[in-house]
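Each of the next two complexes has chain A plus one other chain: chain B in the first, chain C in the second.
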Partner chain A sequence: MSEKIKDNKTEQNNQEQMALDDGRRVKVLSPGMMVFKRFIRNRLAIAGICILIFMFLFSFLGGLISPYRQDQVFYKIDSANKEYAGAVVNTDYRFVAVDGKTLSTMVRATFNSQVKGKAGDSVTFTADNNTYTANKVDENFYIITSGEELGTVALLGKIVDVQAAEGKEISAELNAAAADAAKAGQTSFELDGAAYSLTRDVGKNYKLGVMKEVALATMLNVDTADPQYSSVAGSYEFRRNCETAMHAGETSFTADGVTYTLEITSETDASVTDASGNAIANVSNIIVNPVTNGVILPADYKDAVADAITNKKTSFEYVNANGETEKHTIQMRGSTYIISTIQQTHLIDMYAEPSAQHLLGTDDHGMDVLTRLMYGGRISLLVGFIVMILENIIGIIIGGISGYFGGWVDTMLMRFVDLFNSIPYYPMMIIAGAIMDSFEVDPYLRLYMMMAIMGIMGWTGVARVVRGQILSLREQDFMVATEATGIKVSRRIFRHLVPNVMPLLIVQATMGLGSIILTEATLSFLGLGIKYPLASWGTIINSASNIYVMTNCWYLWIPAGLLIVLTVLGFNFVGDGLRDAFDPKMKR
Partner chain B sequence: MWKFIVRRIFLAIIIVVLGSFIIYGVMRAMPTSFVESMARQRAAASATTGGPTYQEWLEQLNKSYHMDTDVVSGFFSWLGGIVQGDFGDSWKYGVPVTQKFGEVIWHSVILNIITLILEVIICIPLGIQAARHQYSGFDYGITVFAMLCISLPTFFLATLLKYAFAVKLGWFDLYGMVGRYHEQLSQGGKILDIMHHMFLPVLTLAMLNIGGLTRYTRTNMLEVLNADYIRTARAKGLSEKTVINRHAFRNTLIPLVSYMSYLIPSLFSGSMITETLYQIPGIGYIAYDAMVAGDLPFTMFYSMFGLILTQISLMLADIMYAVVDPRVRVN
Partner chain C sequence: MSETGANVLEVRNLCKYFPIKAGLFSRVVGHVHAVENVSFTLKRGTTMGLVGESGCGKTTVGKTLLNLTPKTSGEVVFNGNVHLDELSGKQLRAFRPKIQIIFQDPYASLSPRLPVGEIIGEAVREHHLVPNNELDAYVSKVMKSCGLFDYQKDRYPHEFSGGQRQRICIARAIALNPDFIVCDEPVSALDVSIQAQIINLLEDLQKEYNLTYLFISHDLSVVQHISDTVGVMYLGNMVEYADKTEIFANPLHPYTKALFSAIPVPDPTVKMNRIILEGSIPSPANPPSGCKFHTRCKECRGVCSQAVPKVIDMGNGHTVACHKYDAESGYDKEEA
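Let's turn to the complex of A and B:
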């Protein structure tokens, strides 16, 4: 207890030692500190500071944190039930000519009109001044033969004169056989397995011809299992022997000296394998074509389609080259079958809704909106600061000179300021934007140009403030003192006058920053400012001039607009707070 | 006073001429002008019939549009026309510039007058109330609201309003000054139709300007409320109503009237962005279209009009201040 009293006493003693006007008694704050204290007491200003800190972190750190690049385009996989292939049951004859020969369209047409639907094992018809015989092997399978002129046979009473045609030779046996046949009045005969024909020409003259296979007509279609077999399966002998065997119901055939195994699924469907079990080709009356050009359908797919159609199924499963099972559905449309399947396509992920990957969705270029906003914030803020600094540099120099020197210099410069001030802002910017558009200026260069133009158009306000302030400060005593002590003019202006103008300038600059950001956003919105691939908040909102985006994609333009409003609001709050803090009398 | 006004007018004329010259020079610097694109079109159209080539069209058109001169003489020939009252024909609209201007200016003026009246009705009471209850919750609310209005970008506010009222609620049309069936309406119906379409633009413009005027009123009212004569009035025992309405408000009117007179010329200048977004055929929208198309006579006319308006408003501000406040006149 006593000790406490003692302590109190010593304290009192200490206090008593201080004089009433002792400097330590009055807590003196520096002017800067006082401004700061007044500033942090202003709740709105603190809110403004918080907003601005958030905006800076969002723009400058956000870009680093964001997993995406500013111009990264996103794709999506879209699956849709798309038509994949079409199939028809073949009801037309297809013609395969003997290797090295072609069958003229005339012959094909004549065959179709004369032979189709006619009963009988063989039908003879004439086309292109030549006689053809279609030998029916089986239903819908004909082998067409034609007589090749070998010579003439003239019957003169008992004498038979056989003359070979130019470049042909007639063997003695054939000569005798032809003579016999002519005497007997036969129109065809066989010799050593070959068929010959005698066609009456003029009077008792006959033309001797040898019947040769020229083509086959079938309704079946051969698809090679692999492109490497296309020449093998394309040969006439292969086709002929294969189909003959198929119609005969045999399980193997030989063509071009190779034996193949034939597996018959149905009357119109079979597959061919070679001795080592490789699938060579597939024979079917169903023709499968891809819907899109450039797609090659594998033979096993065609086989699967043909199987499904033959068995009248409406869907089938197919294991594709990647080992995935695809489900295909078959629809009948007219006489064709349409086979469709779920197909996946790579698309630019435009106007995607907000999701975990893209918190604010994607824009019309398929870019992440949130990332664009972060990088856009950098540009918006940078434009604001650089233009503000530029305006202040020009404004301080011109206003300072004008205010300090006064007289005719002042008058001249102020008229210059008036001139600049009255040039309509937006027409000027629109023309400037149009000029840059037509020169196709690089987006980065355009950004700098725009900052320069905005700075040049906007410095007059600063110049006026500086001039007005300096005019009044010039008359004050401390300036008289600087003059008396002989300080250099430049030093007087920039060391003694300008710092006194600073508080007002800082307030103006802070408020100005907001309006510069607004102006830049407006210009970008009009398409006169920042260009793709760069973005600013204004260009991002620009997408809302598209009605579809405006009505359906709020996440594209509302966040950008809110960011602009908040940033400008932040600068205005801080500017307002600074003004109150610098000059408390003004408001109170 | 008169000497000052005459000097001011003389200066204004010089500024208008110089400012026009700058705009003219910049316009002529555009590499792809209206004339060039027109020549390209005509050359493409006449290419099949073997008509004049692009170069020939260009020369011919340049001549007829007086673009074949250099910038300085081109400007002076344009200025010569102005002095004789000939502003030329608009390239884009194909009618005399003044005729087009006369057609559209009233849309802008009506829009701006309604907006201004609305602003005054809203802002002055709000500002006075905020000043009377300084640092109250109401005052903070008004401050934040006013700041928010100042911070709103025009295009964002307009798009937001359109989204809310036209798309979501469907109360208004997205664009235009008249509805689809405007011609079939009666006289009264036509006026109602226009008013209906003017609602969103007026709201947009009013919201953008409310902030500034409210804060201006508040600041000036505060200044007046702290003046000695208000203390005297209160000390006399006058009712609060009398103090505010008779003593304080009347003195607040001085800066307000000067501020408003500054606004009067801007009634004619149109609001480019709002009009463009709502496609109101006012001077702002029409001029924007003309400028984008590179229509030199119309752009020059609009710019010159803007220059003159700025000069008039500066002069009005000076003169009105003297008219309203006799103390200024003495000095």
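Let's turn to the complex of A and C:
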């Protein structure tokens, strides 16, 4: 207790002493604290610091927060009435050969010409040394048969000699029937449901042939509903029976031992389902093809088109695979029908206005401008700092040596600086940019190269400042005094010279940062600096060189310009503030 | 520390020429004869005043003595045996505390980035003059003896007035416990009341620490007040050197006479008998032949422009460099 009182007493004493002692009233601050205190009293400098903090957060944190990548391209979905399919009413015969056989082109051509001449009847024609008979089943539907040689029949008076051809057998019944027919002078006969022909050959010799179906000719087209049914629907028997049934108006047919249901919508249009109700195929005289390659039109779509065309509708609705109803319109163009529909296409979302997704819209590559600005800020600030550090390292070393040693060293180095200063900056950068363009340098390597070139080209100013400052300081009385008091050289440099150069350097560097950022922006604007996919504020402003963007898309270039202006302003404010703060002659 | 009376400093024929460079390759085209054949000795505990008009080489003498600018020729011997130019860099640094300098401009001679305590204590620590834990107390003591307050230790030079700054400069020199201090016009930048304070401070410190001063000034009344001996310089040469009382009572050299006649007398009734010197000081790069003063001397005769006058000892430590007092020069035989 007593101790506490004593403590209080001494404290009071101390306070009194301090109160009495004029010198104690002013709080003693370390030089760093003094600079800091003076700095934060400067409103402009604080504004500058705030701007810079914002820029750094914006650039380095913004990139992390932004949901988009810097090179993410955005697409927009656009609806357009586009041609989707073309349809044509088939007016040519299509031939389906019996399974395992083919029908030669000659036969097809002969058939076509024969049928055209004698419309509406069965025709017999010869092609490839074979006789074909096209049996008309219905309009535009023929079954083509051909005689297959079985042997020869020779009439020798009363004797009929039936000889089988090589590799063929003639049954006794057929033998008898053929003989009878030959005797009677018939050219054809039927036996057990099969038709046979006797073709007069030479004299009283006849060729015995059996009439076999070789192909069918139709104007209808079968589209399988599903690729798995293509073999089923592709079989000759299926086609033949299906179309026969269709022409006969029947609702079912049997092919290959399976019974199918046939739903006839019109004379030329029908659809086939199997017993379990699966759609197998669609038969129609309308051929539908997609406009774009690689698109497979589903059978039900083709069916819908065919229905619409046969019913002479100008539009129809179709439920697509996704369950959406699409409206298709049909236009007649020449002999073909053009089916068009409103289609959704993905377009690069260029020059999008600011929206909730893109607060500052999108640029000419369809990239989010805000995100680009964030990543661009990283590059711009990074370039500024690295180039500044590079310039200062070189400048301080060269300027320091020049100033401290003086004499011929100084002369040599300063002439070297003059030499560097007389290298034209922009032509150099343009040449360097062109060289890097021609070598197709990686964008990141290009960035580093650019920083190196800018640093190497820009150190002369720093060197001159440092040299001048050190030269003048070296001759100051307080430097002579350090010599007179016998202080070590290293201490003289680092304790007396450097602290006196440092403030100027810091101010210079801070101010210089702004101009470096401007230079980088200029170079990037000219297309010599940062390249896609990297961005910098300069490249973003570059889009304003397009007059359309300049006049219509303020959100593309004004924010980038503002960021540059603000950053440079911020650096200059901070630089000014630092200069004032470092100046010991400033009032507290 | 050797006793009072021993020679702290002996200067013999000190010369300092600055080369004049010109042309593309900085060819040396001539020399500025800043100091020529200056000789004197300084006893411990005494003050030598060095006077002369601007540009006569007073400051150069001071700096050359301390080897802050290397001398061209001559000898400077401290404490009887120390030749600064023969010391290695390290030895020279170690000897530096013994010889200090106080500059003319108190504003330029203090590093603006260091607090006062650091300015004063820096070299003390550097040379391990006191143990590190006593450094702070030592600095306080030195500051106190120079009329500074303890609490000013952490302040920066810009917070002080000119007089206070000069005290700091003095404290910096005193802290190193020197034998010899070159006071290079320490009061010329200060106003008269402060001048008196600083002069008194210097005198007090001299008594306290048995210091030896080379007091460079162009202010004769200050020199008259503080000095034991006085040297008068003209254009790099020391033209007259004597005890203070002797030289002020009996100036011999025509230049000294002219200089001293300019001392204002604080009595309006006294008619001042001023000797006005015609013309301005000649260029030290191209000094006049013979006696350098002959271009402005009223008592100039033929020999003066031809022969360099010898230094004549007039007795009682009074030396003068003038043909007038040299019987062998033939000055007397010529007509005025």
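Everything that follows uses one rule, which is that the second predicted complex is superposed on the first by the 451 of 588 C-alpha atoms of A that agree within 3 Å, B and C clash if a C-alpha of one lies under 4 Å from a C-alpha of the other, contacts with A are read in each partner's own complex, and residues count from 1 in each chain.
The working rule: a contact is a pair of C-beta atoms (placed from the backbone, for glycine too) under 8 Å apart; a residue touches a chain by one contact, two chains touch by 3 or more.
These numbers come from a predicted model, not from an experiment.
Participant: Considering only the touch criterion stated at the top, classify A:V480 as touching first (chain B), second (chain C), both, or neither.
Facilitator: A:V480 sits against chain C, while chain B stays out of touch.
Participant: Quick one: classify A:I77 as touching chain B (first), chain C (second), both or neither.
Facilitator: So A:I77 meets neither chain B nor chain C here.
Participant: After lining up the shared chain so the two structures overlap, which partner does A:R491 touch, if you call chain B first and chain C second: first, second, both or neither?
Facilitator: The second partner, chain C, only.
Participant: Taking the superposition as given, does A:M550 touch the first partner, chain B, the second, chain C, both, or neither?
Facilitator: first
Participant: Tell me the contact category for A:A172 with respect to chain B and chain C: first, second, both or neither.
Facilitator: A:A172 contacts neither chain B nor chain C.
Participant: Could you tell me if A:N500 is touching chain B, chain C, both of them or neither one (first, second, both, neither)?
Facilitator: second
Participant: With both complexes superposed on chain A, which partner does A:I435 reach: first (chain B), second (chain C), both or neither?
Facilitator: Only chain B; A:I435 stays clear of chain C.
Participant: Pick one for A:F525: touches chain B only (first), chain C only (second), both, or neither.
Facilitator: So A:F525 only meets chain B here.
Participant: Is it chain B or chain C that touches the larger share of residues in chain A?
Facilitator: Higher number of touched chain A residues: B.
Participant: Is A:G561 touching the first partner chain B, the second partner chain C, both, or neither of them?
Facilitator: first
Participant: Go through chain A and flag every residue that touches chain B in one model and chain C in the other.
Facilitator: Correct list for chain A: none, the interfaces share no residue.
Participant: Using the touch rule from the top, collect the residues of chain A that touch chain C in their complex.
Facilitator: Touch list, chain A to chain C: 21, 23-24, 28, 31, 476-478, 480-488, 491, 495-496, 499-500, 584-585.
Participant: If you look only at chain A, which of its residues touch chain B in the complex?
Facilitator: 43-44, 415, 418-419, 421-424, 426-428, 430-432, 434-435, 438-439, 514, 518, 521-522, 525-526, 538, 541, 544, 547, 550-551, 554, 557-558, 561, 564-566, 568-569, 572-573, 576, 587-588
Participant: Mind pulling up the chain B residues that touch chain A in the complex?
Facilitator: Interface residues on the chain B side: 11, 14-16, 18-19, 22-23, 26-27, 29-32, 140, 143-144, 147-148, 150-156, 159-160, 162-163, 167, 174, 219, 222, 226, 272-273, 287-288, 291-292, 294, 299, 302-303, 306-307, 310-311, 314.
Participant: Under the definition above, what is the set of chain C residues touching chain A in their complex?
Facilitator: 63, 66, 68, 92-97, 99-101, 103, 105, 108-115, 122-123, 126-127, 149-152, 154-156, 158, 169, 172, 176
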